[in-house]
């Protein structure tokens, strides 16, 4: 018996909204909840009491998104659950499951990394969320039965978890994933510097102001974004809002030392030294729009080049689009990921 | 026991996704489903087996929206279910219910009117949806226990149903509702004319093309919108896509006869002759952003003037914003509507 | 000996900046100067002491422009003097002259009509400017030796002077000329109404504020534009800023009586009753971008249809562009105009 | 007797369009003319046969500009000649002259540097143009009688010539001048990389295509701009279009070696080692809009900081605006420059 929500979305499969109490997030300094939603898609024919088991694709949302946003529906738009449902119905891929992870924080996102400031979102994902899904669903509960994918910060997360937590996922897909920070981030620094200067460089005051607005301009979003990246890449301590920014407060010029801490997380910097972790993957998939506003198409090319320099293959695609509303790329990545995973 | 969806949205109350089989929509020429979702919000404390009954606010979505879109969630955004939940929690209003109506068609919207081309969406709303809600929930099942509200085309629908189907709702709220068509619609005609000319004026071909795109430009949306309005206001027959447009195919200039059929639905034209229907309402509420891109702020002023000329009061507000993302106005309208409805 | 200005613009011909004292503009209520620049282009080979005479194209600038703006130069851009110079050099047309008329007013433009509020800009053009040019240059000083052309409000002026002052020009070219006011103007009324409301509907105060700004937003320009149109089409008296606007001050809704006064100037309304004036022209040329932001492409089609309905031919072209920076159309119109004028 | 051009611009002073044959530009590889316009403003009262001499402000235009563009006129806009004329009339500054330099190249600009690829635009400016002006006008023909100023690339040029050609100018003013290249330039690299890839990385073919367009998109302008900077900062040889770009052709990632050549020209990098040259200046003036789209406000702060670290004073201002249409800043800089120059 399909859930009403699955019917509302016109799915053949079903959608389950679960909640996970995560030890990895317990007592995090930012005060975000440790009880988190996990939204699980099961394909038509899935039988909780049956014997068949399914591979699972873990989906990571982008910055300023959350798990709920990924199942939002609008006419003529197709969300990730609708894409997998359609791809299975069209026999473009074998029946598989999705698990949509919630990596939101009060600063707009965790980048799925373990941070003394935000909490351990990598551990939460690979241990607490994966553990929940394997415990409650008929999954192929091993590396060969799992992939990870996402868009933008979700694509970054997919690469990060694949490289830093090997053995959990057998493949990743990064859609317009954050990379080549040298281009992606400094373009925002001058305006973020201006916004923060306007709030006396009091991060907590800025966040409270941001939350109180009924509407927010793009430079306000960009400011929140840079605070969120700092919370993930360059926290100063485990106290809320105690962060180092990659630019100087007086002039706004780069702070090279802090930006180096950011770049240490850059897949374009890191991939070249993760041969062992990348080699065990069955698929390394990267795509990006040719007109990406953050130059992430350059990043995808650089990461792909780094991987090839390791002697490994990479599936790298470019498409004629920008950074926004590219969910239709799931119709390419999900079948490709499924094709390399174990099936029963 | 709260539904997982309500938990996901962080509600104190609950959310129910029902489906209604509507005789009014059965066999509609456009081929849209006659089985439709109705999304019902019940406040904290609602007890289906208890004795207390609640007033219901019927919520109408805008053009290119549907019922599912109205409960979509994004960080820092507040949907209509979250707004009523918050308003009740803050004691800004008495506990009440919402019923979110689905008025979508293949052309993007029905305007909630009975149309030989689309089907009878007014009848569907006031008879089939209201009937379902009264039958399955503990409602105050009479005019005094119901209001209707919406934004944009939903605001139009709220005014239309109040004026054309008196006795169902005791109050309406129109947020940036379609009105004063003389300003609102002709601004789109030149570009819609160009788009349709590019598709050989074959409406079915345009719609098929539109549906097949992965992304759509604003002028494509505007074209769909004008087709949808024509389907509601100036259908030619009960055959799909047999519509009269309010401009000439050769030059693109106005077709006054067809546009007169549109204007017959314009609240700014119609309100002055609906004294009896308007008088029985307990609240006539209109608001609009001062910078509305379609000049609907002029429309709201004109409708308010027409109502005042009938000797009736009107609650008319302007706010400093444009047409987009004005859901925060529900925090004003829902308490105002609740204040005039019957309570138990 | 070529002027330095002609050398700066890289012309083969020459450029002369003259000044005309216009009786038609003397003592105008708005206080604009009656001494006006006329910028005259003479082709290579032009000899003031010789015997050869040349046809003259009178060029009318658009709204918020003036004569000086039409000879402004920027890298990679080509102004009207450079276009005629290039067209003559490439032998696309016979050597001819240009006379660039200045129709600016403190409200941004005169529409080249006689107005009790602005002064008699039509008379100034056809009598004072033409008289000056014929008196000081070796022109073919008769109807058969003159054309009139312009873009936007300049295109309107070209049609207006051709229809209302027959016998002066033998041909006109209107590039994206103002027409079909039903589309072109009401799109601005809601925002202009808002701007004026913000200035207490004191037109003089608005103009003084506008002039004092270092930068101006598009809605401020649109407001000035509507005041300027009112000064041309619906002045109330010969006192500065005593104007009727085509919308109501309270609601912003259309004032049909005033807008009817505007539409009486609309070429789309007027052409059908100007058979005699239009018939004597040797060329009636209209073009417009298919994506004109004001829908003037519809206007051009309607005017062309009206002219054809009179049994007269019309050269009507559409091109794939919008309203801005379409000076390259002079390369089409100037040769076409020259081809029908008398030559020596 | 005032020139007609000066009358057209409404000046009290006069405007002279001269031409200079520059040995420094003779035979330049790009094929740009060595005969160049110099536009000279003389104040009211200037008498070529008198005994009074005047200081001269050398004005450098921005990228994609030229000398002609700086004297272009539009209603309500004020060009640099009109600003000095007005400032003198209002007695905000002593009567002074302007000399508007033409630094345009086929690639859109020279940055006023000596380049094996473009020609020696620095030498041309400080020797050939200054020599011409001193030879033909009643100037105070020494360092103490000259300043240099400009906007954007013109501001860069003012700083460059002051630091690399000491002894010519006694003061500079940089309005939103190019600096802190780390922010200013890489934001364009991904899209420029895409555009050039679309033209097969054939720079000459791109330029020919660019010149042939009737309209050009911002990314096409940005591409021309990066080619122009490469021609100034990182030419490979004295052959046209033989340039090194600061990003790799395959991935689009930074080419650190080439970008280091660019940064060697960055005033933010260079100022700290030009104590001697900066010390002899009587005024070091920098301003920038707080919302500059290229982050040049950061650059201005950094340059100002570098100068202060040398123990020198700097006049540094920020204003609430972006990079466009900031000519009104001349009303601040011209009086400040004049105040420190020698007067007679």
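By letter and in written order, the chains are A, B, C and D; residue numbering begins at 1 in each of them.
Here, a contact is a pair of C-beta atoms (placed from the backbone, for glycine too) under 8 Å apart; a residue touches a chain by one contact, two chains touch by 3 or more.
Worth saying up front: this structure is predicted, and the values here are computed from it rather than measured.
Colleague: Can you list every chain that touches chain B and also touches chain C?
Modeller: Both-contact set = empty.
Colleague: Going only between touching chains, how few steps reach chain C from chain A?
Modeller: Steps on the shortest route: 2.
Colleague: Would you mind pulling out the distance in Å between where the CA atoms of chain C average out and where those of chain D do?
Modeller: 35
Colleague: Roughly how many whole angstrom separate the Cα centroids of chain A and chain D?
Modeller: 45
Colleague: Rounded to a whole Å, what is the gap between the Cα centroids of chain B and chain D?
Modeller: A distance of 57 Å separates the two centres.
Colleague: Going through chain A residue by residue, note those that touch at least 2 other chains and give them in order.
Modeller: Residues: none.
Colleague: For chain A, which residues count as touching chain B in their complex?
Modeller: 4-5, 7-9, 16-19, 37, 39, 64-69, 72-76, 104, 108, 210-211, 214-216, 321, 325, 328
Colleague: For a test of understanding, state which residues of chain C touch chain B in their complex under the given definition.
Modeller: 180, 182-183, 186-187, 189-191, 193-194, 250-254, 268, 290-292, 295, 297-298, 301-302, 305
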